[in-house]
Amino acid sequence: MQYTNFKELIDSYKVIFFDSFGVLRNHKGVIEGVANTLNYLDEQQKPFYVVTNDASRGRREIAARFAESGISSITPEKVISSGMLAREYLRHKIKEGRIAYLGTKNSAHYIETTGLKTRSIHDLDLDNIDDITGLVFLDDEGFDWNEDINKAVNLLRRKNIPVIVANTDVNYPVAKNEIAIAVGGIANMVESIVGKTFIRFGKPDAQIFMFTYELLEGQGIRKDEILMVGDTLKTDIIGANKFGIDTVLVLSGNTPARKAEMRIESTGIIPNYVCESIAIE
Amino acid sequence: MQYTNFKELIDSYKVIFFDSFGVLRNHKGVIEGVANTLNYLDEQQKPFYVVTNDASRGRREIAARFAESGISSITPEKVISSGMLAREYLRHKIKEGRIAYLGTKNSAHYIETTGLKTRSIHDLDLDNIDDITGLVFLDDEGFDWNEDINKAVNLLRRKNIPVIVANTDVNYPVAKNEIAIAVGGIANMVESIVGKTFIRFGKPDAQIFMFTYELLEGQGIRKDEILMVGDTLKTDIIGANKFGIDTVLVLSGNTPARKAEMRIESTGIIPNYVCESIAIE
Amino acid sequence: MQYTNFKELIDSYKVIFFDSFGVLRNHKGVIEGVANTLNYLDEQQKPFYVVTNDASRGRREIAARFAESGISSITPEKVISSGMLAREYLRHKIKEGRIAYLGTKNSAHYIETTGLKTRSIHDLDLDNIDDITGLVFLDDEGFDWNEDINKAVNLLRRKNIPVIVANTDVNYPVAKNEIAIAVGGIANMVESIVGKTFIRFGKPDAQIFMFTYELLEGQGIRKDEILMVGDTLKTDIIGANKFGIDTVLVLSGNTPARKAEMRIESTGIIPNYVCESIAIE
Amino acid sequence: MQYTNFKELIDSYKVIFFDSFGVLRNHKGVIEGVANTLNYLDEQQKPFYVVTNDASRGRREIAARFAESGISSITPEKVISSGMLAREYLRHKIKEGRIAYLGTKNSAHYIETTGLKTRSIHDLDLDNIDDITGLVFLDDEGFDWNEDINKAVNLLRRKNIPVIVANTDVNYPVAKNEIAIAVGGIANMVESIVGKTFIRFGKPDAQIFMFTYELLEGQGIRKDEILMVGDTLKTDIIGANKFGIDTVLVLSGNTPARKAEMRIESTGIIPNYVCESIAIE
């Protein structure tokens, strides 16, 4: 582990992967200095990707939100989300019927672009589930937690179908010092109650990194030429370490400076580098 | 393990402990034959207790519900609930301030009989928590799951207070083949998200059996003269086994006859006896 | 939580429960000042007990080891060990056959005082297990880990018998900055591999505190007149808190001064008091 | 789920992935009919791979063992093992120093082909660990469990280094109805005792499937043209499902016919097909 100047760091890699929340943005908007850094990468014609645990919206919308905040260089094709992997799974493995989901209609819309039909658990009649061929956890919003989480439990007791968790995160920040339970946390509760094994997509699982790496195919990029930038040891750093690429922990999000060393020691998750943030002069 | 006639069984013990749900009642009401069996125990002047994971109401109300169903011999002093143990904890260990709770106002009323003040998480202002000295999970009803579970998470991030789970059950049956997530399941989710250690009361923990056993003090009853009757291996049977009393699994609730042997084998939780139900001729 | 003078503290309680390792002794022997404190308690005729997770020897031997180190006031009847609870369980629940064990012959000798026959897993022939009626984890020594832990796994696959873990500790200190895996850690591995539910005795489980409390029967001691002294939040403090007695964390063992506050905050396990050690002037 | 004729099944896929143990071989040797099936695939010029959780030896040795049993068509380049992924990790992420390992000298030899130096935990002096830059769990043999597992625990307490588990399996069969704890089971125990996060390679993790899939690069094979053949729901089937390829459960190994349906129901892990074995007429 070495404390490092971020600019020197990115100069020594050919491709950069960024986590989104805590690295590029926080609950107040885009983090200071990020626009500058991304401009620098564009000037250098250095490819970068945003690798994010998010299944609440498609890559187009994720890019659009950055554009609204004045960051136009994050185009849709630069965004890789856990929701995209879930959608890939559904496309390959579930070819008929209707997918029940917990989430907003908007999150389901993204799934429907595969041609699959969906039904919100909220609108589901448990006595009419013959066409339901899967269940996917998309978002913590868009349904009544009490009524609909219980409905999901009973759906899984009545019918043996694959269950997909499209975002492994168990919580997310909503304000300074305030978090909310994410759909991954809800999925963990349901999984432990029904006793079945769910399929999860998102960091730290290596599949999202592999998916991103495949986009570089044909460009002759080796793994040791890629740098993952993340604010969370247990997702960004361990996942990218395992995938075999170098990692930098930034202190602008989930891991404050005063806790970084202690957490690296206590978890045994060791980034190659540590930086204050991705801002460069 | 021996399949046994329930009447012969109770004739050979001096005191009987009954689980409530699945043994004495189910989602349709009091189980057939139960009245007869309890009358027989009363005729024999054989003491019995109802040992139940329930924190949604006090022992008086639990007894009253049996009385409404025509079972008058379950008097309040025969009922031992996990909620009583939680109340004991609060009485001994939290002597000032106000206890925040997740549950109905009715469930909190029971806690207030200790003299403690309470506040529903639903009514709690997170910016005004100076007087909050504990959090207790009482019931899965009485609050908005989405808003108030998240509020509980953030309360625990702002203030380091003891957290009590007054019912360890993770789910409960609401109809044939339909369950609901219980407050113990919600507590597990919150605990894993905040990373703290909660204090749990209820079977399988031996404390509830000890508490019941103490009621027999002075009567010279040995542990091997007590029989625990339960329908669930993972709570009733393992807990009573560990406490050192004999156990009978009845097949009228959570463990259907066709699954009993397989579950005993796969869990390694071995009751002394197995009976169809507690009904006697 | 209040930082307190230990002498004032014990003056305000009628009975003191001490953890052993980290409070009374460490890897170098009896901790400085302990003799003095125990003498003071004796002068005051204040009862105290040593409540310890230990199944490697009986209470007589535990007392004898203190006596060898010059502490004669810890008589056998002042020692309550998790091994004693395991022995109670075996006495109440397993009345015939032979108990297989992992541990030293000496640890088994203690079990045999109940009249039960035992057999070391090391000496067990897996093709001759008809008389084996239980398995107990007693000590991490006295057997070949590779051969005999695997033998225990296969015993449990061949025969459905109760399994008792007589010490829940997963590790223990053997020197400054050096630990060893304890029998509780080995039991956790075996349990997860065979998928069965084991019965565990020892702190933090409240049963060991109840067992000790019962020794005070007839003396009219209320729970709020008892103080538990421990060096470990996750065993001594949470267990005694749950049992309903007051707790003091001492910094002479497992919880060094520099980590105490952080650990109390991160675990949510809150002692009533914190003291440097039990030494008094 | 459909019960299917295996020959028809493989006729409808372009590439076949086989698990090894329980599919191709068992404790008695190569499973009956396997030679015939592999010959058929060769005749059809249909590529196949052996995807196996094994870090005790290199692909050359794994192939050699099949050759000794008369199966010559499993050449080294057809074997993908979890040990290969671990070796890739070490090659990319640990470029200097010496890797400590638990396993046989032979298992370490395979790691050394990356140019890395190794040292058996058995030969390690805990006071001389300056050059140790990682720890890898390779095999359950080749060391003294008691002494050396404890040494691994203390190594990780003294030095914060990445820990790699090169085989996630927690046990493996050694005879009919007899299993042994695998290195993955030992790693789980050590991880829970030191409280750090280890990096695991092997099924069910999707990385081993991606690694194999990359070998097909340039051949224009789509995921839906690949079939994974496995005997274990929790590794082979869930992992390949998640990766997005079709799956067949064979009943020649870990999942006997009488338990298949119940396990599919209770785990929610659903193969596309079920076959008795891979034998074809």
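Note that the chains are named A, B, C and D in the order they appear, and that numbering of residues resets to 1 at the start of each chain.
Following the convention adopted for this analysis, contacts are C-beta pairs under 8 Å (C-beta built on N, C-alpha and C of every residue); 3 or more make two chains touch, one makes a residue touch a chain.
The structure displayed is predicted, hence computed values, not measured ones.
When the CA atoms of subunit A are superposed on subunit D, the rotation angle comes to 180 degrees (nearest 5). Both copies, subunit C and subunit D, contribute mostly matching positions to the interface they share, with over half of the numbers common to the two. Inter-chain centre distance (subunit A to subunit D, centres taken as mean C-alpha positions): 28 Å. Note: centroid distance subunit B to subunit D, computed from Cα atoms, is 44 Å. If you average the CA atoms of subunit C and of subunit D, the two centres end up 40 Å from each other.
Shared contact sites, meaning residues of subunit D that touch two or more other chains, are absent. If you sketch which chains touch which, the chains form one closed loop in which each chain touches exactly two neighbours. Inter-chain contacts occur between A-B, A-D, B-C, C-D.
Those residues of subunit D whose C-beta lies close enough to touch subunit C in the complex are 140, 144-146, 149-150, 153-154, 157-158, 170-171, 177-181, 185-186, 188-189, 192-193.
Within the complex, the subunit D residues that touch subunit A are 88-89, 92-93, 156, 160-163, 194-199, 205-207, 210, 223-224, 234, 238, 241-245, 264-270.
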